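One structure, pasted below without further comment.
Per-chain residue numbering starts at 1, and chain names A, B, C and D are given in the order in which the chains are listed.
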Amino acid sequence: MACVSDHVLAPADEVQPLDGDPVARVLVAGASGYVGALAARLVWLHPRLELAMATSRGEAGTRLDRIYPRHRVPVTFEELDLDRARECDAALVAYPHGASAEVVAELRRLGLAVVDLSADFRLADRATYERTYGDHRAPELFGEAVYGLTELHRGQIAEAALVANPGCYPTAALLALAPLAEAGLVEDVVIDAKSGVSGAGRQTAERFSFVSLAENFLPYGVEGHRHAPEISQELQGLGVTARMTFVPHLVPIDQGLEASCYVTLEREISSDDLEALYRDRYEAEPFIELAEAPPGVRDVRETNLCRVYASLDRASRRVLAFAVIDNLWKGASGQALQNLNLMLGLPETEGLR
Amino acid sequence: MACVSDHVLAPADEVQPLDGDPVARVLVAGASGYVGALAARLVWLHPRLELAMATSRGEAGTRLDRIYPRHRVPVTFEELDLDRARECDAALVAYPHGASAEVVAELRRLGLAVVDLSADFRLADRATYERTYGDHRAPELFGEAVYGLTELHRGQIAEAALVANPGCYPTAALLALAPLAEAGLVEDVVIDAKSGVSGAGRQTAERFSFVSLAENFLPYGVEGHRHAPEISQELQGLGVTARMTFVPHLVPIDQGLEASCYVTLEREISSDDLEALYRDRYEAEPFIELAEAPPGVRDVRETNLCRVYASLDRASRRVLAFAVIDNLWKGASGQALQNLNLMLGLPETEGLR
Amino acid sequence: MACVSDHVLAPADEVQPLDGDPVARVLVAGASGYVGALAARLVWLHPRLELAMATSRGEAGTRLDRIYPRHRVPVTFEELDLDRARECDAALVAYPHGASAEVVAELRRLGLAVVDLSADFRLADRATYERTYGDHRAPELFGEAVYGLTELHRGQIAEAALVANPGCYPTAALLALAPLAEAGLVEDVVIDAKSGVSGAGRQTAERFSFVSLAENFLPYGVEGHRHAPEISQELQGLGVTARMTFVPHLVPIDQGLEASCYVTLEREISSDDLEALYRDRYEAEPFIELAEAPPGVRDVRETNLCRVYASLDRASRRVLAFAVIDNLWKGASGQALQNLNLMLGLPETEGLR
Amino acid sequence: MACVSDHVLAPADEVQPLDGDPVARVLVAGASGYVGALAARLVWLHPRLELAMATSRGEAGTRLDRIYPRHRVPVTFEELDLDRARECDAALVAYPHGASAEVVAELRRLGLAVVDLSADFRLADRATYERTYGDHRAPELFGEAVYGLTELHRGQIAEAALVANPGCYPTAALLALAPLAEAGLVEDVVIDAKSGVSGAGRQTAERFSFVSLAENFLPYGVEGHRHAPEISQELQGLGVTARMTFVPHLVPIDQGLEASCYVTLEREISSDDLEALYRDRYEAEPFIELAEAPPGVRDVRETNLCRVYASLDRASRRVLAFAVIDNLWKGASGQALQNLNLMLGLPETEGLR
């Protein structure tokens, strides 16, 4: 345990919530970024997991709560040490795309169950991966991961040793579309998505400075965003060979992501049947809420929930399907914990309420 | 002139910028709302116009710069007085939908040139108007106005006595789409638009409070927004009989509106031809800028400019066309002045730079 | 229990976290405002309390999670019914100032332990109360309440049947100042405080609209804010007869409050002694954190924590003492729960971590 | 003139507002930062000045309107070339502190009138400068500049060849305090100031990222901010030897700065006399507005105005004096132009309305 003893903040030492033996010792690799830090916090607060190690290359020696006071995790970042990693049972890897594959391969070799939060194992087609992200550094594992959109692949995730956690945009878009896709209704879809700024990760580029984004918002990634092949792949997995257009936008908020999906239908559907389709598909899902009106991102801030609303646009004979998530929670670290719970045989919602 | 003498703010009396005789005396009716107040300010600062009267039903007796210090218009709101209105040459009417028609009819009877900023004269089809807004209170004038999207109807506007100033969403969407529509390329279009909060007007409903919108954004008007028939009508005017879907979203900024348009094409077009199409159509337009990348709303804040960007999405064979405006300027009061300049024979850009 | 059965949101019925018998049945009166709704949520999620009733005059019949989806409390507001209130053990009253006293008196008559979140029982001097708030509607109870700044009056609160929960500004200012005040060091103090907009409560006045506050901030209450006498009273209770100036400012964020206190000292103190003074006073406090640098309000958002930093300004021989809280949590509902825990003999931190 | 010919933005070439011969050719050095870019825009739009050159070390070859589309200045940044600088009449230098002195000295040697926007020539005491900023690189000019708070030193500025433009905090604080200081009323003052993020300049440090500042605000510079000696010096110049405490805060807006000044008085003053004092001092000032209530920063956004409000706090026998400015305008580039107008014999307000 990396907890230093000379901490200054008064209540830190009372925070650790473990009671009884933990089910698993968890390593969070790349814990100094937004996604990794939240993953570390979720493990830290989880009643059945122990945060065994939180690693950072750039900030080893610094305490997590120095950088993120609000997470209140009094743990000091370390360099990744594979000898000590060996003593862990599972890992959440929040490395950048490209850099993740190699670390994941090492951790798998040591026998850890791994949820990878990068894109390195999301795509099933090698050529698509390389066109999108460049060379893959652990080709022997390529194609071995289960795609971790929990609501679509729950059974496989529970059996998996390696889960590729989905991108934030694909999570929202696919949850908005899945009931229609599974019912064979999607002929064509336009996905206009909007994300808060934390989705870009912890970085200091000028275009993510406060001054650049105050009173601003804009489309980006118009010439092809890296999440597009991921969405396509999963829609195809649901039997959809539809034409698909995806454009993300940057919105001046911190956390929150919304996907507006405009679906041309394969065949007509009534409003009542549409409502029933979504209700039947999602009523047992612990992290999906069906809203009665178009949802706002604030409704799901700091939660692992996805709020969905679908409506029939009679004039254009399209279905409009909307989903909101917190990009750092259901769009990243929250869903990673949801998946890890399943992999470890724990209740899916544990530590996420 | 409604300027009180006992003003407190030091520099007020030096502000009035008139030099030489004004070309026209202008009445701004409904000048206490966001749109009316900006219209009053633009007239006040206009080198060739005189702000003869600024009316408000609810706030007669109050000074405009008490409510809007930043506009620095030291004029006191009055009740609308038709006897005095008679002495004016032109009027900008910023009344609510439904309430505007009657006032516009009175002012036209007195011989004033009128730009109406409400929706009351935008639609050419009476049934569509009544389905959308209810009874029309000046049916004798219905169909008499020119639709004031300057870049589409400049010639007619210059001849008109009554101009119906477009809605903010139609302005951005139509400017994004016009080159494609005029070229007969639009088979189907999805318009996903996002607006800052001032687009809702000056009102106090809880959903527009700061707390409701901080760290939030959301779709709305999903079951049919009133600007949809307006967009359809103008697209039809350009020869487009396409299927059209329009969904607005509310974004937590003050001023700014963006329209993302997803166009299925009637026939293929190359990137170069697409670029040429927009360049040829817009290069002479004083208020349209062709951007080199997807534009942000901040780029046009507090200006009458519309910034446009179009791109070919090869994968889906769609054109993605984006436009940003300031919803209070090009989306309302700025365009109203642009139209009034034309109606009065003044240079179109006067008082708008 | 006011939970309706026909709820639409999928996971609502699994949310109720009660296990084992609750310690107390709690009524939240005035639960449709920001403070009352958060109080209801905190009771709802509290492992040892039962939310027996959530009342609202204006919105009886509406579900709390319809108005505040993010709170996820599937309870329907009711009119206050004193017959049923009788079955409760305790009440949190979040009525407006002036209106609260009467209800509090009724509930006390029925034997409930009460935490009043209004100002009605905060002041000990009747003349000061009436000058500040007008007539008092339960004069028989005036002076009977314990002032609920937990860190100052913990012992009395544990014995109290009626606690007057402090205002948000006094909470932050007094926690910043208490160590100095208790040490007899305060000769004179200027308190410049800044609050997010939710501090104004749930209301629709134009000055709290999004458009009024975007890109804005301003001082207010300059001619005398109602929290000033409350701060003075408590400082006097700590033996301080200092001159005190207090000015609040409105800042364009949702939740968060900061107090910057400029203290002229009765006698000199070294930096080391200043640090020791704060450490000794606060190191055992579960909800106070001593920061190593001036704290930001984001550090305590959605927590019951107060983060404090004190520094010696050699040039002016002043102590600069800063405190940040979430105005809705430690500044209102969170502290109310902290107090209720004490009154009911529960651990002070229960349900607040 | 640095205007490239192959610009993409349609209306650029019509923008240049010169008519008649310009009075002076102006160089803006360091024009790629926020302050320099706004200075370039103000010169560009000024009816009597010509923007002869806009220099940038890091971004030579890039067009200003590529980085700041909203400024609409179609000029390409160049490296500073002293041979060509020789052909200019005046310069605005927006270099960082420390780096500016040397360039200013060169430009003065070439005979240009210079307004320096850095701190390099603001302080009269060499030891104070070096303690605050380090070595001075043009000691021969130290003490030669006039301090450019226009309202305090108008006469000297009109005669000066080198003006040291004030810092943003000193501008607001001194304008709030000057009438009291000049009347010999200030015994002691606490200045609690708050600034929008653009005051930190164009930089990419993580603490100025959108995510770090969303829903946040905080004090900083508590151990001694560099603007404190500047404020002290000018107060002393007004005869004030008072104790002074100054603490800045960062607020999540783009542009805007407010100073709340808490003044202990040398002798009593009535409310009426206080009002008269400010009115008499400021009623002829073109850029100062006396407000009737505490002003918001939004009231002066994108203007060169300073809005002031003073009030008597009877309880503490203090005067509360508030001033708001736009930190980039009156707090930097706007005031620089105001000073340059004076130095060139132009009307002070030209190009600033």
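FYI, a residue touches a chain if its C-beta (ideal position, glycine included) is under 8 Å from a C-beta of that chain, and two chains touch if they have at least 3 such contacts.
Just so you know, these numbers come straight off a predicted model, no measurement behind them.
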Labels of chains that are neighbours to subunit B and to subunit D: A, C
Comparison of C-D and A-C (more C-beta pairs in contact): C-D
Centroid-based (C-alpha) most distant chain relative to subunit B: C
Where subunit A and subunit D are represented by their mean Cα positions, the distance between them in whole Å: 45
Mean-CA-position distance for subunit D and subunit C (Å): 41
Centroid distance [mean C-alpha coordinates] between subunit C and subunit A, Å: 35
Where subunit C touches two or more other chains at once, by residue number: 214-215, 252-254, 295, 298, 301
Touching residues on subunit D, where the partner in the complex is subunit C: 190, 192, 194, 196, 214-220, 222-224, 228, 243-245, 247, 249, 251-256, 258, 260, 262, 293-298, 301, 309, 311, 313, 315-318, 320, 322, 324
Complex interface listing, subunit D residues touching subunit B: 8-11, 14-15, 69-70, 214-215, 282-292, 295, 298-303, 305, 307, 353
Residues of subunit A that touch subunit D when the two form their complex: 34, 197-198, 202-206, 208-215, 252-254
